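As written, the chains take the letters A, B, C, D, E and F, and residue 1 is the first residue of each chain.
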Amino acid sequence: MTKSTTQIGRELSETLNPGMEQALDARYGHLLPGMAEGVVDFSYGRQYGRPGLPLRDRYIATIAALTALGGQTKPQLKINISGGLKAGLTQKEIAEVIWQMSLYGGFPSAINALNTALEVFEEQDPSD
Amino acid sequence: MTKSTTQIGRELSETLNPGMEQALDARYGHLLPGMAEGVVDFSYGRQYGRPGLPLRDRYIATIAALTALGGQTKPQLKINISGGLKAGLTQKEIAEVIWQMSLYGGFPSAINALNTALEVFEEQDPSD
Amino acid sequence: MTKSTTQIGRELSETLNPGMEQALDARYGHLLPGMAEGVVDFSYGRQYGRPGLPLRDRYIATIAALTALGGQTKPQLKINISGGLKAGLTQKEIAEVIWQMSLYGGFPSAINALNTALEVFEEQDPSD
Amino acid sequence: MTKSTTQIGRELSETLNPGMEQALDARYGHLLPGMAEGVVDFSYGRQYGRPGLPLRDRYIATIAALTALGGQTKPQLKINISGGLKAGLTQKEIAEVIWQMSLYGGFPSAINALNTALEVFEEQDPSD
Amino acid sequence: MTKSTTQIGRELSETLNPGMEQALDARYGHLLPGMAEGVVDFSYGRQYGRPGLPLRDRYIATIAALTALGGQTKPQLKINISGGLKAGLTQKEIAEVIWQMSLYGGFPSAINALNTALEVFEEQDPSD
Amino acid sequence: MTKSTTQIGRELSETLNPGMEQALDARYGHLLPGMAEGVVDFSYGRQYGRPGLPLRDRYIATIAALTALGGQTKPQLKINISGGLKAGLTQKEIAEVIWQMSLYGGFPSAINALNTALEVFEEQDPSD
């Protein structure tokens, strides 16, 4: 029997960010019932969980976009840089993706995102 | 002897977009002398030509960013979708990258970019 | 028995934009299987179809956002201005929402969106 | 006798944000004489004070736009969420407006704006 | 007796864009009464007509911003490039301002704005 | 003998921001070898160091663009407001440039940038 997109999303979400659905529901559910399930179903079940592009490549795309869109997405950029490292991107590859964005989102966005990446790398690797 | 970034850029630019430097200079050089060389040196020599990330992955990043930034970059999105196909991305992979951007740049940007991709695919593959 | 978000979305989508799911699938389905259902489920079932805010107010929000985000979303702005009229907004109210956005997205975005609204109004009301 | 837009703006500004004109003038007037009056005249007298759209609906439009434009407008988003509550929007309605923006400004912008709304709601309602 | 900002704006607007107020009112006034006067008062009377910065410098600022914001503001970019030429900027200076924006709004925005400038220059100078 | 753009950039960079190249290399060079030289060559040698537009005018353009692009570029806005003061812009002229951007990037961006300018002015001039 085929899994529903919600099931696919929930499994992937639990692998990548354990406890996220419960955390979203605890924080926003009293205002927006069903919102947490919607994030799981759409973001994970219908996007990141799609076949057709490896997770590593999906993180390249996301890190690039969040960099180009600028610093207002810093919390999400941090989460996705962590996710990219888990999906097999190296620190250098992530830095390359971000720095290339100086061409599309401008130098300030690229520099700010590099600083965000350094923060994540330092948290990941306490010997830095 | 090490190649200069301008030489590296010029070789890569000629491979990916033959005649681009001359075209830029013919169009903008009377107003902005040296601008064409600057594009070649910075975009190709110091960005796309860097080691550390395969060209295919660089196109994923660029297509993602141009999608998320919205339709004002349509001419550049077309060029980079073509470039991504030449660098080994499939039509489906490009569609996946673009559609994933509905999460970051919104649904209108993603739909508009899918339409741009369809235009490129149709030009590439006249049997469509 | 409770309806699924996909069912809720499909019914609302059929009311607001008859044939949209089939059109999306015909256009993008060969590249992105399941994408059309995802739009229906998320946009209509999990967003526009939510209780808690009348459809008229949802169109105010959407028209405001698309205006402030600028002209790259013109096709979607047209669809949502039409949708807003059907949901009970008057032409004047839509113009007010758009013009107010001069404060947030700048004067060019507001003027461009007013021009888009005039196009929709003229198509709606051939006596203009 | 008709009120001038400056008078209309000043009355509305005093109702919604008492002391704002003086605060703007004290802060920016030495650099930009007349700027505070310009904000009052244009924002309040010629926009929020216009007939044709209820204040409640104007706040829906503004909250939607500031959400979609992203986190760089957080101080203004807080002010307008407070304003929307005073104009009769409920916490749930504001959350609906913001969450709907995931479709247009992306998920990160919507989540960040929900967090800003939670901050405002907690300040408003200390029993939360 | 001091001129009102509306009078100052109207005189400057008539000098820079003769007939603009009437054109705005003819086009939008049935939906938004008073909007044309608001543009004249705020944009021209309270911004471009302010002492403290020469008109030439104001056009540098505007051309830079519209370039960085991207192609959705093309109609306004054309108007302001024309305005900048009348205020004493040379074609080369305008090109410099635009190209510098590659650092802040990205290369696509800068290239697209250069193309817009070339369109304006060709209309201005038929011997090109 | 003609100077290379890297030499031109290095001299200008050392004048405007002494030690910047070394600081960039120390911070990012382990991930992105050559990046610091690329910033010097492109930003300073091929942009700010170009003849054709005085440095003062270049800062007008940059401050305008960073304002319109919104608060995500605050660190860069601070650097460029300082740079503009050194290049001969007065505090009032900078405030005029920023406030004019309310027309293009919206009121929140302009107000936020004015606040950033006040921070810089206070650091520059402790008697304020």
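Observations on the structure shown:
By definition in this document, a residue touches a chain if its C-beta (ideal position, glycine included) is under 8 Å from a C-beta of that chain, and two chains touch if they have at least 3 such contacts.
Bear in mind the structure is a predicted one, so any value in this text is a computation, not a measurement.
Identification of common neighbours of chain D and chain E yields A, B, C, F. For the self-contact between chain B and chain D, the two sides draw on mostly identical residue numbers; the shared fraction is above half. Taking the mean of C-alpha positions as each chain's centre, the chain lying farthest from the centre of chain E is A. With centres defined by CA atoms alone, the chain at the far end from chain F is C. For the interfaces A-E and C-E, the C-beta contact count is higher for C-E.
Centre-to-centre separation of chain B and chain F, using mean CA positions: 27 Å.
If you average the Cα atoms of chain D and of chain F, the two centres end up 31 Å apart. Put simply, the C-alpha centre of chain A and that of chain B have 23 angstrom between them. Chain C and chain F, compared by their mean Cα positions, are separated by 40 Å. In chain E, the residues that reach two or more other chains under the touch definition are 42-43, 50, 66, 68-73, 92, 95-96, 99, 103-108.
Taken chain by chain, the contacts link every pair, so each chain touches all the others. In the complex of the two chains, the chain A residues touching chain E come out as 68, 103-108. Listing the residues of chain D that touch chain A in their complex gives 70-72, 91-92, 95-96, 99, 106-109, 111-112, 114, 118. Interface residues of chain C, counted against chain D in their complex, comprise 42-43, 47-48, 50, 52-53, 57-58, 60-69, 73, 92-93, 95-97, 99-105. If you check the complex, the residues on chain D that touch chain F are 27-28, 31-32, 35, 39, 43, 66, 69-73, 75-76. Those residues of chain F lying in contact with chain B across their complex are 5, 34, 38, 41-42, 46, 50.
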